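These notes open a run of structures that come right after.
The following pair of complexes shares a single chain, chain A, combined with chain B in the former and chain C in the latter.
== the complex of A and B ==
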């Protein structure tokens, strides 16, 4: 499956306004959308990042409020969590792989290959680890999702785990309280992502239609948000700086050993 | 006269190709600037200018590679050349001096370049001797202005922190120095909000945002250096 993408940036102050405009454009109330994304890198084979994605509900945060408070004090408890119970089935996970966008300067939208595999049962993280992947980091996407014709519009921001709460080996569960998450951008800017999925991006006819629809949205949003294709290399999902990563892993092992 | 060998013919042909590419690139750029009712956006312009610079430097490479042969090559029209019908072309081929308009342009460019690049190093504006910058000074300036400017741009885009007054003053100077040299790549990087770039990179790789920001800055600096190099090569080529 391929997807066509356009990106825009919305400052915190204009978030409400843009959301209202989008609601009007899409003629539907925005749906609240929260997702936990864990990034896993495969070190021995393809050298690409793969993501584990999970849709979150309010409960995923609320249930953990007391837990954060206590785990802030006892480091050992967190270490045990990492080693043992890890991910319980809260919401279904999905494995998502995004390829490096296709080259081509003239294309007005970003085109990339993507696959999403829903995980029905079992522990996806253990499965991925067995495949040779290792955990890199994770973040939470928080925002709204709308649908305009065939375009999925995501207006979201990236939230990171509070410093010190980042696990070393596996996606964190349970998550800390929602309020404790730190936005990646200190000013709290949002990212607007318009995405159109194509069953087969190699067919020029489909590609043309999809591009036209996205460009239609771009024209519609002109003056509200500038939608542009992304710089190809900024969506690069190839793993780089392996040396660096290996060192990171080595140092990461020490506190865990100390904790046990 | 000894007949040209295969290599020399090939060299000529290569020069011809490079010239044609360069002429096409410049032509396209010029047409864009003249014909479109609004000036095309910066990223597109900078792309085109970069392409032009690239083709120009490859032309220069070809020229200098074959300089020995090219400097002793002459045009000899064969008797079978249709001199009557193609008189203009013949004149052009046999002309040894450059076109007057081109000669003027070269003189102008030399004069402009002399304002910036002087044989003497280390004479800058500070000691009040009517600031002529040596090539060395220019390089220093770029080394300083590059990171400085990207820091300022970063603070503008990344948040509401206001800058000090005197910092703004230095930025103005910086801007002046820059608009004199207007490096397109830098401009493009500036307008395409760096934050979005950081978001996307973080979403794709999950690396530490600080590391990503550092990488971005380094990339921008490299871009700037490359653009700066291309520029000085141009000036040297014309002089």
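== the complex of A and C ==
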């Protein structure tokens, strides 16, 4: 599967306005979207980062449980999977891999190969660890999602765990209170990402069709948000240098692997 | 001389004729020399040399002696040149005036003495004015009387008054126009506001500034109806809103009729509208909304009806016919509309049409319920479309994704079929039990209808969505027939689609570890077969029981 992407920047002060405009353009209420994304890299190999992505609800943040008691149904029915301190089972994870965008200066949109595998059951982190991956870092993506025809519009920002809260070996659960998370961009600016997914991005006809649709959105949003392809190297997912991490890991005791 | 010129600004602003000698043409120079020194005959080389020497000597003297004197001298020279130029200008002017006077006199003369007159005329005048076109006459000077003077005074006053009146009139006209404009705008905005107050979405027409429009159709409508759900609100000279075609079209509505053989026994109620008087704009928008909705409903049903030929749904002359009851009481529908004793007729009619009267109104309420259900199902279809649109679409492929056909007739058929079969089942169970009880044997039954309706509760959807949504799926009813020997559990499941394509009865025998378990569940596609099976089983069971009792008695 391939993705066609366009990016735009929205300052914090204009966030509400842009969201209203998008609501009108998409003719649907925006859907709140929160995701925890853990970054993993394979040890001993100079390869690519892979992400574990989980959709979050308010209940996933510690300290927000008191306020959200009244919201009723949680998927607590699947609790007790791992026992112990995990009171509530985590939402479904997905393994996501994004390739380095395809080269080509003339292309008006960013094109990259991507693959997402939904994890139906089990502990994805243990599985990844058994495959030789190791945890690098994690962040929370917070924003709103809308759809305009086939284009998925994500108005979001990246939040980092508060300093000192980053775990060593595995994605953190439960997460700290939502308010404690630190925006990656200190100004609190949002990123507008317009994404169109193609079954096969190698077919020129499909590529043309997808690009046209995305450019249509760009024209529609002209004067509101400037949508542009991203710099190729800024979306680089290759592992650059992990030697120190490898050595560190060798001395530390590896977590117990799942029975895979 | 140059040095002195540059020392004062006044000199540098003098006419250029004295400065740029080099730029002058030969003719000009000759003319100048002639003007300065007379004829060339008098100008000799010696004389000039002497003059230059004397000048140089004089200049040196003056520059060495007194600056002021030199300046005065320059002034005098320049003054002379200026005076000369002025003189030339005056002479030129006088010449001009004289020439004009001459021209005038000549022109005047040319009327009486053409030859003399034209001779002294300048060529420019000749080209401009034809000769002899001006004439003079001598009139005795008139002495104006007092009366005349008074008259003149009156006329002057009259003119003034008239002008003042005209000014006042135009001001008044302006005021009246403004007032009219204000009234017009007020009227227009009042209408727009009343629309807005009623909850209609008013917005600007895209690409056209200063024009407002009202959105009365839903954005979830099919593309060809979506664009029609918006109408511009322009005002005419009186401030009334000019009605777009969309707002003034004849109101239409879906009509559902119930036909029993050839007789109409019920019809849905239609909104009464008054077409004689001009309706207010709110009413028109309301009508347009309703009409658009009904048109789309009809369109969707026509589309869906094409897929439902297998269920004997037919479209003839714009009327959709769907069978409800078969003429054979014990069987489910199998023969199509001609064999069916009762049909639902759905068509679209104009509301201002006069309709045929019919006598029997027994099924009016039923028809009303049907038409209501159709509308609710389309509204549900809209919500489903929004739901579908809000989901992340699958990756784009070469195949175009077609929007699914909105289920409107199918759920209706499902409910009607289920209902019919349920009626038959209930009647059979009641009859069987009462007969057995009369015969002295024990029998009872329970019936739980609409099993899946109660269970369809989703987190994401609202209750209304869940209830209507469950209608679009299969319907299930569970019945339990208890005779002392055996318990029959009958599941009635209706789905207008795979796997059953209609109703299905599934019978299982519970509570008896005998023959039934070996045979497993039995399934029947219509009620007739179920009836025969149950009859034989119940009879068989009671026969067996009777034999057993007889044997015991013996």
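FYI, the second predicted complex is superposed on the first by the 213 of 260 C-alpha atoms of A that agree within 3 Å, B and C clash if a C-alpha of one lies under 4 Å from a C-alpha of the other, contacts with A are read in each partner's own complex, and residues count from 1 in each chain.
One rule holds for everything that comes next: a contact is a pair of C-beta atoms (placed from the backbone, for glycine too) under 8 Å apart; a residue touches a chain by one contact, two chains touch by 3 or more.
Quick caveat, the model's predicted, so the values are computed rather than measured.
In the superposed model, A:235 makes contact with chain B only, not with chain C. Judged by the touch definition given at the top, the superposed model places A:133 against neither chain B nor chain C.
Look at A:31: by the touch rule set out above, it reaches chain C but stays clear of chain B.
Of the two partner chains, chain B is the only one that A:189 touches; chain C does not reach it. Within the superposed three-chain model, A:209 lies in touch with chain C and out of touch with chain B [touch as defined at top]. Contacts of A:93 after superposition on the shared chain: neither chain B nor chain C is touched.
Look at A:199: by the touch rule set out above, it reaches chain C but stays clear of chain B. Taking chain A as the reference, the larger set of touched residues comes from B, when chain B and chain C are compared.
Once both structures are placed on chain A, no chain A residue is touched by chain B and, in the other complex, by chain C. Those residues of chain A that touch chain C in the shared complex are 1-2, 27-28, 31, 73, 147, 150, 152, 196-200, 203, 205-206, 209-210.
Within the complex formed with chain A, the residues of chain B that make contact are 47, 158-160, 192-193, 195-207, 209. On chain C, the positions that touch chain A within their shared complex are 219, 386, 389-398, 459.
Chain A makes touch with chain B in their complex at residues 7-9, 37, 39, 49, 98, 105, 136-139, 158, 184-187, 189, 191, 228, 230-231, 234-237, 239-240.
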